[in-house]
Amino acid sequence: MTLPLREEKVFKDPVHKYIYVQDRTIWDLINTKEFQRLRRIHQLGTCFLTFHGAEHSRFSHSLGVYEITRKIISQFERNRYDDWPSEERLLCLCASLLHDVGHGPFSHSIEKTFGTHHEDWSCRIVLGDTEVNRVLREVSPTFPQQVAEVIAKTYHKEIVVSLVSSQLDADRMDYLLRDAYFTGVNYGMFDLERILRVIRPFQGHIVLKESGMHAVEDYLMSRYQMYWQVYFHPVTRSAEIVLHKIFQRAKQLHEEGYTFSFMLPPLPSLFRQTLTVQEYHMLDEALMQTALMQWSYERDPVLSDLCSRFLNRCLLKYVMLERIETPLIDQLREMMRSFGIDPEYYLEIDFPSDLSYDVYRPGEHDEKLPILLLDNKDTLTEISRKSEIVRSISGIHMGKYHLYFPEELLDQCRSQSISPALCKLLRLE
Amino acid sequence: MTLPLREEKVFKDPVHKYIYVQDRTIWDLINTKEFQRLRRIHQLGTCFLTFHGAEHSRFSHSLGVYEITRKIISQFERNRYDDWPSEERLLCLCASLLHDVGHGPFSHSIEKTFGTHHEDWSCRIVLGDTEVNRVLREVSPTFPQQVAEVIAKTYHKEIVVSLVSSQLDADRMDYLLRDAYFTGVNYGMFDLERILRVIRPFQGHIVLKESGMHAVEDYLMSRYQMYWQVYFHPVTRSAEIVLHKIFQRAKQLHEEGYTFSFMLPPLPSLFRQTLTVQEYHMLDEALMQTALMQWSYERDPVLSDLCSRFLNRCLLKYVMLERIETPLIDQLREMMRSFGIDPEYYLEIDFPSDLSYDVYRPGEHDEKLPILLLDNKDTLTEISRKSEIVRSISGIHMGKYHLYFPEELLDQCRSQSISPALCKLLRLE
Amino acid sequence: MTLPLREEKVFKDPVHKYIYVQDRTIWDLINTKEFQRLRRIHQLGTCFLTFHGAEHSRFSHSLGVYEITRKIISQFERNRYDDWPSEERLLCLCASLLHDVGHGPFSHSIEKTFGTHHEDWSCRIVLGDTEVNRVLREVSPTFPQQVAEVIAKTYHKEIVVSLVSSQLDADRMDYLLRDAYFTGVNYGMFDLERILRVIRPFQGHIVLKESGMHAVEDYLMSRYQMYWQVYFHPVTRSAEIVLHKIFQRAKQLHEEGYTFSFMLPPLPSLFRQTLTVQEYHMLDEALMQTALMQWSYERDPVLSDLCSRFLNRCLLKYVMLERIETPLIDQLREMMRSFGIDPEYYLEIDFPSDLSYDVYRPGEHDEKLPILLLDNKDTLTEISRKSEIVRSISGIHMGKYHLYFPEELLDQCRSQSISPALCKLLRLE
Amino acid sequence: MTLPLREEKVFKDPVHKYIYVQDRTIWDLINTKEFQRLRRIHQLGTCFLTFHGAEHSRFSHSLGVYEITRKIISQFERNRYDDWPSEERLLCLCASLLHDVGHGPFSHSIEKTFGTHHEDWSCRIVLGDTEVNRVLREVSPTFPQQVAEVIAKTYHKEIVVSLVSSQLDADRMDYLLRDAYFTGVNYGMFDLERILRVIRPFQGHIVLKESGMHAVEDYLMSRYQMYWQVYFHPVTRSAEIVLHKIFQRAKQLHEEGYTFSFMLPPLPSLFRQTLTVQEYHMLDEALMQTALMQWSYERDPVLSDLCSRFLNRCLLKYVMLERIETPLIDQLREMMRSFGIDPEYYLEIDFPSDLSYDVYRPGEHDEKLPILLLDNKDTLTEISRKSEIVRSISGIHMGKYHLYFPEELLDQCRSQSISPALCKLLRLE
């Protein structure tokens, strides 16, 4: 069971002005140590190395997702929509607040190296021996399980899942606005109030009145721009790559039995992939940045060099490639080795759309629920069938290959005679 | 000697939209590891525990101070003012950029416990064996010394010092705008463009045209509001106090020869107050937060409890006091001891104006240069002689005593019979 | 009786984002011709000649006042405050919307010359044979009378009057924000959301929780700055003076039996002060500006010159005076006459605080209800007893005398030998 | 010849913060009566009836176009680009400021009815016996002619014309930002600073560095949204149609020798299409609104009804049509006549793309210069060849037919038995 707070609490928030808390359960969840840990995880990972304002944490984003969900539900209640299952209010709010609670430090690189997955960890935290679990169990014994199902998108009511996780969910709406605000890149701004006005529960779905179509177009256009201007920015990618190489190297050294001067719990468990929920709690970005700092003094030259690069922002350079010519890349690897630079750790080919490229592609089978428009005659239509602009954005394939390598490679190339093909590849004239 | 960059570089900044870099020296300074380290120091210390948006770093603030200084000088140059010593341009820019380079993690608490001082460290970094020093020496052999003098406010030209450090300097102007932006508290907004339009070099001073007086009033009013709404917020103060107690306890344990399970370089040097510039570089907030996390598992119960409190935001409660009654406080201390709570670490009386309360008080002898207005007849007048509103703000003494203690103390009090005077003090009915 | 609208209607508003209409009565009132007429009356009279963005109308301000009142009441209802007389909701909303419906073109100058009063006209429109009256009567036969009483501040419940008209009413809150937005002068911005959060009905008054005191200080400071930066700007005053002289001259000519080439209904009734409600409806700024344009071709040289000055923004110059020396002013008048310039129409001494200077002065007997703070113990205190900053602003007397005259006077003075005292007065060297 | 002002002047502007005037010629132009007249012409014609904030004038827009041009040129000068013809600075500034000086009241409707053209009038004002002409002639005897050529797009240097009039000119950039600001519709916001940073003079063209392509995409997307959300809004179109019908009726009556109760100069000249420059000056929106008010009391029922509709915002209703079925429309006209409603004045079919639909369509032969991107190898490419998003927007054909008619028609239809086809057409069930 849950109780209303005796007096509404607020958090001052630069994006939504205020975040309103009316339920004791929400207040208690925010005060758990697992939720407070999100203050020590950057919302945008390494992006602050490209956009210095992007230093905000998953803590403030999680509050923002909660607040947008609260606003949507409060609109549903104000309008007394029959199709809204009002008994699911608290479940939606809790799942919104907690959907990112399992995020680790620099998630992309860590997950890629060690095979963890943040959604699994969110569920483990919700279900495990944690403060979060204790607060949720006060609502009802099965409540933690329900929250975990919403996060895992297996909950039996689509309408609940889609508030937290769909093509137009509270998560995306908050991060676009928030990331735009903190980076200073105003492409991410869209008319949230307009969308909140036209969103409706309808026959088990979350839909939008057709009159709000232009607001949705604008939102999808913002998303498109933010992906290409911010999230896939090649400097951010470069930092991700360096970080991934660091973890790869450390893991390799660990497997080879190398003795680290600096090794703190729970890093060994991370390397062995045996982390418990309690150990996972200690794994924040403060720890990872401390490890990078200490390892920048390790005697292994690759590990120490890569860590210094990350800390001091001497990242890898890049050139754009139209396509990959494997023999040429092999030749480049060979040359790097001849210079004493290990291509395993100093060369990477990156293709943004390998990532979870979040364009709206209604045609493709996607885990994300599509955006549905509701017209005056109560007919539902998937938005791209009505909007030319959405069709246009959906059809765009933009990714280009990027080749990353250390700037020093160019100095070495300049002092040697290298093949014209390699010169051209590396943009050396 | 310095060179212009072949092409102007920009940083996207949410406060100033863009930050423009035109000089190679500035570009190189930003890329030093000492300057990059500022990314790992919060601009507002523990304030993010009160205003969750306040997660911005001294890195972005330092760029902002540089940018405002650049804008002021560029206005001076555009108007070709005779009283502007144009040869000092690069010195002003470098000092603006570097004035905070010596800030450590959670400066207030650390400085209070270990007697370090961030301005001294800024000078040591500028003058020591650092990348910053190497970049500055490329300008001229004496340039690092000049920069250090501006930071230490001993440089022989007041006009240079006052751009970086006065009652209306680039530092204050940036932090008010930036802290307002990131906290979401809009009291800190003032009309920067208007001030930039009326600022002038005049007979060795930085002055403002009298026609801009209202903009300055507005700036001082913003400053007043930010101090009382944000900087002296009792929750932020509570976090500062907990942090100070942690360092005090750790220092005490270290002096007693206690063996820490977690102890990394350069913490021992910090305790012994023998930090070198190289060791200071490692002392960032990632390290301090990692120490707090690891120490939350130490066997010393006071240290471990205080660290958990900070990390999980279970800070100390507070009550406001009109005045301090020493016998009553002694009685409270006694009672706490009887409950097994050490008042040395769990009780604190705080008075904001003990801090460097930054109200504009032209009458008092202050290290800060006052604000001068220039009228049509080229007469200079200190602003409070012209503005009633400034006189009003200057005269306000607002500080109240706050008594901080753990919430658990109240539970224990409730289960015992305690004196009515103590009940009243702790707001127990 | 009133009905809710089948579907909420919205107006896009740049200040409040959206204005929400939920009642048929409000919707119908907005669509009356008397309310639509407000589109043809500038909110800030002649201020657009100083701040070119200030071209907004009383129509948008009136919607804004309504919206703030609606937000306040909706907060009261959400919190189910016992002290809120919920049956007064519609009355408050209608009075908010209509409080300015009687404003005429360039109210200050017209009212000064012809002795009309906009509040009286608001009541006449509410009570007369108008579309507004017909809509109100559909609520109940006595409803128009109630609305008129609220506008006239004679309604028997203070709480209703004070929402629309007090030191912190919806009217002032909207105009500060709106005038700041449209002029671009950001001094008028204050934290409306914070004030909306702490406002309460309490024992027949509208009060503010003490915790919101700083937000009120900020609001009063904004008001102070807007008055001196915008509302009393000497160029705006100059335009008011020219306009007043035009009406004075036209009235004089009319009384002398002069035949105007241009004279349209209802101008003769205005001159004779016999306007009916139907005639008043035609009296908008389009008509007045057309009269000014046509009169700029009248054969009376004074009328034609003054009209050209207003239309083409060749206003009167001004100098600031510490005090009025009557003999010197008489001497100036004499000299003007000798130049053939009639001081009756070309000289004016202005003192801003002659105007309804809207500083917050709780001590003085004022028609405006004061601002009351409510503390934790349910005690009410007038704000200036708690806030030093409010005491400071309240005590400031800033007005200076301004002497207005045509620039051409200076040219004539320069070609003659005039007394040193007059030279000094007019700032001629 | 022109002189710099002794001291830079500024106008406070809500969109650009400040507008800076440095040249005496610009200052004098702003103070001419022809330029001041623009204060009495709405920037967005009848749009204020849809978006009540849209009450801004062509005066503020014209200042904004000047300011953006000034910023672009000042960037060119700061970077000392060889390809910039610096001798054309003043010409560009004057043409920017004056390009709209010939706009009449409610231009679209007036131009449609009376065949005037605002660009022709701008040239007539620049070249005729006007204050504007006198100020320009002080620069040089041929200067007015040059300004007129730039406005008419016949000036021999494309680079000069394209600053004022191209697909990415100062005019469009200002109006998108300004109209977005005043309507409150934030779709019009784009990153002006970014565009100002990447714009370049290059071999006689104004081009953009390819790195700024995303900012241009965003600008074009904003334009697309503003057209469909604001400029082509059916309520605004409805007001335009009513206005057009009013002028059509008045012209018809005039031709039939009808005696108007209200008829002022220069309306007869407008009807006869013999306006002189001096008469055109009197033709502002104050006059037109006064005419509408007076004509609302004319004895011709059609004229009087249409004028009341416009003033009191009882516009025509509309339904959307996929296509035009001529026989059905004829049937509707017949029915209207049988009800005594003249379809000539009360029925209209509107198709937005009949208007100057300002989508970016590089393929079509257009008077507007296209947007060119400059890559690292100094190659120019038209933007739609590089940007998929621009190609998408360019290809969209969105216009739908709208049928406008009075709401009263529906009441009459309801009381009669009308054909099912007409019922369906008018959405009567």
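What to note about this one:
In order of appearance the chains are A, B, C and D, and numbering begins at 1 in each one.
Criterion: a residue touches a chain if its C-beta (ideal position, glycine included) is under 8 Å from a C-beta of that chain, and two chains touch if they have at least 3 such contacts.
Given the structure is predicted, the values throughout are model-derived calculations rather than measurements.
In terms of residue-numbered contacts, A-D and B-C present the same interface, as over half of their contact pairs agree; the other options in B-C, B-D or A-C do not.
Counting every residue number used by either copy at the subunit A-subunit B contact, over half are found in both chains.
Spacing of subunit B relative to subunit D, judged by their CA centroids, is 51 angstrom. If each chain is reduced to the centroid of its CA atoms, subunit C and subunit D end up 32 Å from each other.
Each of residues 17 in subunit B touches at least two other chains.
Contact residues of subunit B toward subunit C in the complex are 186-187, 189, 191, 214, 217-218, 221, 224-225, 228-229, 388-389, 392-393, 395-396, 398. Contacts from subunit A toward subunit C in the complex involve residues 10, 17-18, 193, 197.
Subunit D makes touch with subunit C in their complex at residues 11-15, 17, 31-33, 36-37, 39-40, 48-49, 51-53, 55-57, 59-60, 63, 181-185, 262, 264, 282, 284-287, 289-290, 293-294, 308, 311-314.
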